[in-house]
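Listed below are the structures to be examined.
Across the two complexes that follow, chain A remains constant while its partner is chain B and subsequently chain C.
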Partner chain A sequence: MPQNPYLNVLFMAAAAVVFIIACCYGLGSLARWIGKLRGASLKKQENTFAGYFFAAPWIVGFLIFVIVPMAFSLYWSFTDYRVTSREPATWIGLDNYTQLLFNDDNFRASLVNTLYLTVIGLPLQMAAALVLAVLLNQKMRGERFFRMAFYLPVVLGFNTAVLLCWRLMLNTGTGIINQIIRSVTTAVPALGYINRGLIHVQEIVTAFFLGLNTGKFNLLNKVIEAGLPEANRVPLWVQSPLWTKMSVILLMVWGCGSMMLIFLAGLNNIPKELHEAAEVDGASGWQRFWKVSFPLLTPYVFYNLVVGMIAALQIFEPVFVLYRDNQPLVSSTISMVYYLWQKSFSHFEIGYGSAISWVILVIILIITVIQFKLQDRWVTYDIY
Partner chain B sequence: MKRYWPIIKGILLYFFLTAASVLMSFPLFWMISSSLKTLEETNSPGIVWVPKHIAWDAYIGIFQNYDFLRSYFNSVFYVSLALVGTLLSIAAVSYAFSRVEWPGRNFVFFLMLATMMIPPQALIVPQYVFFNKLDWIGTFNPIVIPGYFAGGAAMVFLLRQSMAQIPKEMDESAFVDGADHIQIWWQIIMPLVKAPLATVATFLFVGFWNSLLTPLMYLQTIDLYTLPVYVTTLYNINNTVQPWPTIMTAAVLTTVPLLVVFFFAQRFILESVVISGLKG
Partner chain C sequence: MHKKLFVALSILMLASMLLTACSPKVAPTEVVAEPQATEVPAAATPVTLKIYLLDYTPDTIAWLKSEINPAFEAAHPGVTVEITEGSWSGWDTTFSGFFAAGEGPDIINLGSEMNTLYGESLANMDEYLGEAAWADIKNFGPALANATYDGHLRGLPIFTAPRYVFCRTDLMEASGWTGGTPQNFADWVEFAGQVSEIDEATNSLKQQALVPVDAGSMADWQWWLLVFYSLGGELYKADGSPNFDSPEALAATQFMLDMRQATYGAASDAVGALPTGQGSVIDVDDATGANNGAVCLAHSGWAAPAFDRPVWSNVSIEPFYGDPANFPNSKPVVLAFNDWLAVADYSPNKELAAEWLKMAFSKEANHKWNETMGLIPARNDAQYGYVTDSAQLKLEAELAAKYGVGFAGIEEAAKLSTIMQDALGKLITEELTPEEVVATIQEQYSAALK
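Up next is the complex of A and B:
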């Protein structure tokens, strides 16, 4: 095995290709042989060989990288296993799970924080996507340019370099966002009141969620007692526990481009005649949107909701880049996946980490199933 | 008044759209602008939209920073290696799911779609232990090799949808001429799905280029760091003053390949996301 890391990976990649091709032939021949035993026609045997031959990379990968790891992690989740120590895993039954679900304040915090991102962030993200899609759907010149501009953040996405740029912009004192807020609110006093109102509402909501973390609502009382913030207040984006999650939500809203594309596809699929008929009947633009477009868009809303929720439950990069190592802020902002990473790879508690990953998996499955169950109540599929 | 309404509406529409695009692209502008500022300007209490004098210091500095250049090379190297293998295996698997009738196809396809529900993070812990057993920690292997096994069910789905739309007669006539499946896949089907392949390649590229979690776990030493991992080390919470111009210069150089790829591929992406995303 070559020591040079570049040659090493080239060598392994070549080995992997050879291995995969061998698997292709092996699996294909095996399937053909079984087909032959079952007395399939020659043409069918040929197709069986080809099918398994071409699908083999995925089938083998699924076994090696999904099924086997999942089985092991299920086993480890019932054990005390640390990868750094030489000791083998010791069976401890449900201890990891009871510890995790009932006694682990950090996990509880990560659960509440992720809930916050899902309950408050996701609707904001979808609303932004919908507004942009409706505006773009007016079929005017330059639509392509705007569409590109709105999709760009998705590509830049959660690249750490871009996240660091956000970190710079969100600085409380000298960050550009707060500087703009400051100059706008001093110039137009009315906007100042709106700004203070929004800050107040945001802080009350977040303080409530932080209260859920610990079970004590002191902070919430304090925020409410303090009343409307003073005139020169600005959001304390990446500085105060009351704002850390809002900063992540800001990033989510910024990256709403892929949801927007889905909505745009939905709007394009709505038959023109429906709008024309509604217009003849004297419906205003507002009514036409809510009574005609929106019901027909519900399958797309549903799709975005399912995909968006899975994504929101898996947030990692923004938390890592913005708040890593910042102890006072960590509990107000850690997401479930960040906690998983921290436990498994900073503390190397593999057994406990496995339990966390199974809990995340089960949460995602439950939420997705509930969404599919509830969809009959509000999603309209009639027209399609 | 009524006569002018369409014009007013048009002006309002453009106003909102322009404002939204400015907001959406603002981080990009700010990144470039900050990379050309001096340290004082990035920390100034007043708004500095564009630097007074363009300061190239950070760019000169970063091109002499050996760690940065090496992590850039590492990123390019690993992304190209992973991209080729992943794209080819995805194309092969999509062929099996779209052009061949074989027993068990529907079941395997369903399994593949079901894996999309599994968060990748649920697998990282056991995979880490597995790669540790193979002695692959501290090498590029764990971030390159798994892709070779058709990693990415969503991408297979996207490509399968496009391959399934090609008329069946295409391969039947080739069969008559004595071609086998491998020839048909490579010589007939692949050239017909160039645009979807470009889309998949773009998505894969963006995914690999931005990837943080797995490189962070497996690379371990600074000489193997890829860009996203290296860039985070520039920002250190313990610094009293962050070297913002340098960080933003690194950020600009990191995003350039993304912008270039997006610029050339946006035509494909914007269309095929919509086609395959829902109308499956």
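Up next is the complex of A and C:
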């Protein structure tokens, strides 16, 4: 191996190309040989060779970048392996899993928080996406612009600029979200009571979940004792543990553009004749939506539910973006994947982190299987 | 078919190699100087010395790239110095990747408490930087201890950035507080209640008596440690076990809660935080002429206003005094943080790394490096010029020398941080009492140390 770093780069690049070509030949030849053994014609053997030859780069990439890391992760999950230690990984059997499932209060807290975000955040996210899709389906002027605008958050992701914007918007005193709430509740006093009621209910629910994390319900009792908040109370978004999860949910809802596009595609696929027939029968717009559109949208709802639930159970970015630099608030909103990151890349316990990742995988797998089993009861594929 | 395929693949391979050769990673302009390298047989093989720095000012980076690196490259033909700029946000993920792969920058930027975290993966640099090899090492102040692990040097400290208590005397007087910077816990709590002001319209603070690290929670673990040390607390007992079950730990925790409640009210009915302003929280906003809201700031010098700001005529700088009335061992404390550069054990260029460090940490260079950031150099003999010319920095340096306590030597620092932040987060929501908080930290940290 040459010591010159520039030659090293060239050498490694050339070696990578040669390796890929060799893999292509190897996999193609193997497939052709198997075809030959099975008695395939010469033409079919050639086609098989070509097919596997061109598919090989992806297959090899999949093996190297997915299967091999997964295998290592599985092995490490049974070991005590710390990146910064000079000690090699030590086999400890099921210790990581037993610790994680039966003794780790922090993992339990992350699980409860993730469930909160999934059970409360995901329906809100889907509802927002559905409402936007229905609005955009009205064929109004500027539809394309609005479609792009609502999808933009998906493209932007959670970068530094977005983080700063959200922190400013969620500022308790001067943030635009609380400014709007103040303006609306001042202009329409009746809404002020609704706002206070919502704040109270939200804080009670969150305090209950925080109590589940610690096994102590002091805060819940105090929130209930305090009663309906004062008229000038507004949400303490990124400031109070009672509001940290709701702030994350806001970011989830903000990123509902992908779901919205799926719903929009579903709405476009519903035959107009069905709506026209319902209209002739005297159905109102509301009735047409719930009796015609929604049942036919259920395959799309199901798709968004499955994909959304997997994403919610793996939620990381919003928590990281909002609370990475505000550590005392992390415990109130820490998700399973944030905990995995913390263990693996902050505490460097790769073995334990690997075990967490496999537990998360199993949880997601079980929930997804249940969703597929239950789909027959509510998903309609009648017109598809 | 085979023949065509072979031709096509050969073309593909050649094209790939050509494209690779044109990629931006290859052949930076410095390589043009290779003829010079060939004149020096020892440096016939080009080497790139990689340095990873976190959140330095553009002035610092520009100075390193325009003065230090060219001088080093001239003195070491065939060597190219490459600086990568990272951020403290997410550094741990990046560093764990370096150590897991056993490959990465030769020199990495670490914080005070990280010597125990990464110590085993850092190179023993005694051979190159110890007193026998480099006489200048004796000019480094107490910060050098932070660059040491297991009795061996792992790198060199750049600066010392202690945490002081900066107070706006004019705002104190305007709020009717005439006692100056509080000097015990009871005074601090009374001060917080009297001086903090709430804007009824927004139900948020418009003036906050004390803004420590993490203004919102007022319960950051670094702030807790400062308060704990000021009571005379020791983090570990004689047998090495944690000391969170000590009276000092409980008092520090109770103080956190009292200050938080005196400022924000009860958790179930807390008010909003100060609005986000421009510049330091104890400064004045030039655009509006309004104060940014904090009366006192317990933080590093870099969080205070720039030294040329007019507000300094009304700002005092003092240590945190602890609680002498209740804890006789209390002492004034400024908690000294510092950045340092360490050499990774996986580095194949340890000697070169040491040579670069010696150049970048000479008396003049350490002085210049810190001048670009307005901080106190880690080298004692580099504390001249702008350090002594600035009344504020001179006072800060004096206080650091007199009351400085290092933020170092914390075993399993990352885990302790997580454990404490978690427990202190529950303290401010009153989910846990101060007694439960210290018991939780003691239990979890003891387990983490095993």
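Everything that follows uses one rule, which is that the second predicted complex is superposed on the first by the 358 of 384 C-alpha atoms of A that agree within 3 Å, B and C clash if a C-alpha of one lies under 4 Å from a C-alpha of the other, contacts with A are read in each partner's own complex, and residues count from 1 in each chain.
Definition applied: a contact is a pair of C-beta atoms (placed from the backbone, for glycine too) under 8 Å apart; a residue touches a chain by one contact, two chains touch by 3 or more.
Just so we're clear, the structure is a prediction, and the values are computed from it rather than from any experiment.
Visitor: Put chain B and chain C onto chain A via the superposition and say whether they clash or fit.
Guide: Aligned on chain A, chain C clashes with chain B.
Visitor: Between chain B and chain C, whom does A:M70 touch in the aligned arrangement: first, second, both, or neither?
Guide: Once the two structures are laid over each other on A, A:M70 reaches chain B alone.
Visitor: With both complexes superposed on chain A, which partner does A:V234 reach: first (chain B), second (chain C), both or neither?
Guide: The answer is second: A:V234 touches chain C but not chain B.
Visitor: Let me test your reading of the model: by the given contact rule, A:F294 touches which partner, first (chain B), second (chain C), both or neither?
Guide: After superposing on A, A:F294 lies clear of both chain B and chain C.
Visitor: Is A:G353 touching anything from chain B or chain C once the two structures are fitted on A? First, second, both or neither.
Guide: A:G353 contacts chain B only, not chain C.
Visitor: With both structures fitted on chain A, tell me whether chain B or chain C touches more of chain A's residues.
Guide: Ranking chain B and chain C by residues of chain A touched puts B first.
Visitor: Of the partners chain B and chain C, which touch A:S344 in the superposed model: first, second, both, neither?
Guide: Both: A:S344 reaches chain B and chain C.
Visitor: Looking at A:V17, would you say it contacts chain B, chain C, both, or neither? Reply first, second, both or neither.
Guide: both
Visitor: Contacts for A:D325 in the overlay, against chain B (first) and chain C (second): which applies, first, second, both or neither?
Guide: both
Visitor: Tell me which partner A:K216 touches in the superposition: chain B (first), chain C (second), both or neither.
Guide: In the superposition, A:K216 touches chain C alone.
Visitor: Is A:Y97 touching the first partner chain B, the second partner chain C, both, or neither of them?
Guide: neither
Visitor: To test your reading of the overlay: chain C has the stretches 8-16, 26-34, 80-88 or 350-358, and exactly one clashes with chain B. Name it.
Guide: 80-88
Visitor: Return the residues of chain A at which the contacts from chain B and from chain C coincide.
Guide: 5-6, 9-10, 13, 17, 53, 83, 167-168, 173-174, 324-326, 341, 344-345, 350
Visitor: In their complex, what parts of chain B are in touch with chain A?
Guide: 10, 13-14, 16-17, 20-21, 24-25, 27-28, 30-31, 34, 42-47, 77-78, 81, 85, 89, 92-93, 95-97, 100-105, 108, 111-112, 115, 117-130, 132, 139-141, 144-146, 148-151, 156, 181, 185, 206, 209-210, 212-213, 217, 223-224, 227-229, 231-232, 234-235, 237, 242, 244, 247-248, 250-252, 254-255, 258-259, 261-262, 266, 269-270, 273-274, 277-279
Visitor: Hey, which residues of chain A end up touching chain B in the complex?
Guide: Touch list, chain A to chain B: 5-6, 8-10, 12-13, 16-17, 20, 31, 35, 47-48, 50-55, 57-62, 64-66, 68-70, 72-73, 76, 83, 132, 135-136, 138, 140, 145-153, 155-162, 164-169, 173-174, 176, 179-180, 183, 254, 257-258, 261-262, 264-266, 268, 299-300, 303, 310, 313-314, 316-317, 320-321, 324-326, 337, 340-341, 344-345, 350, 353-354, 357-358, 360-361, 364-365, 368.
Visitor: Okay, in this complex, where on chain A does chain C touch?
Guide: These residues of chain A touch chain C: 3-6, 9-10, 13-14, 17-18, 21, 46, 53, 83-86, 106, 167-168, 171-174, 178, 182, 203, 210-211, 214, 216, 218-219, 222-223, 225-226, 229-230, 232-234, 236, 238-242, 324-332, 341-342, 344-348, 350.
Visitor: Which residues of chain C touch chain A in their complex?
Guide: Residues 1, 5, 9, 12-13, 16-17, 20-21, 23, 25-27, 31, 45-48, 89-90, 92-93, 96, 99-100, 117-118, 120-121, 199-206, 214, 216-217, 219-221, 266-270, 272-276, 414-415, 417-418, 421-422, 424-426, 428-432.
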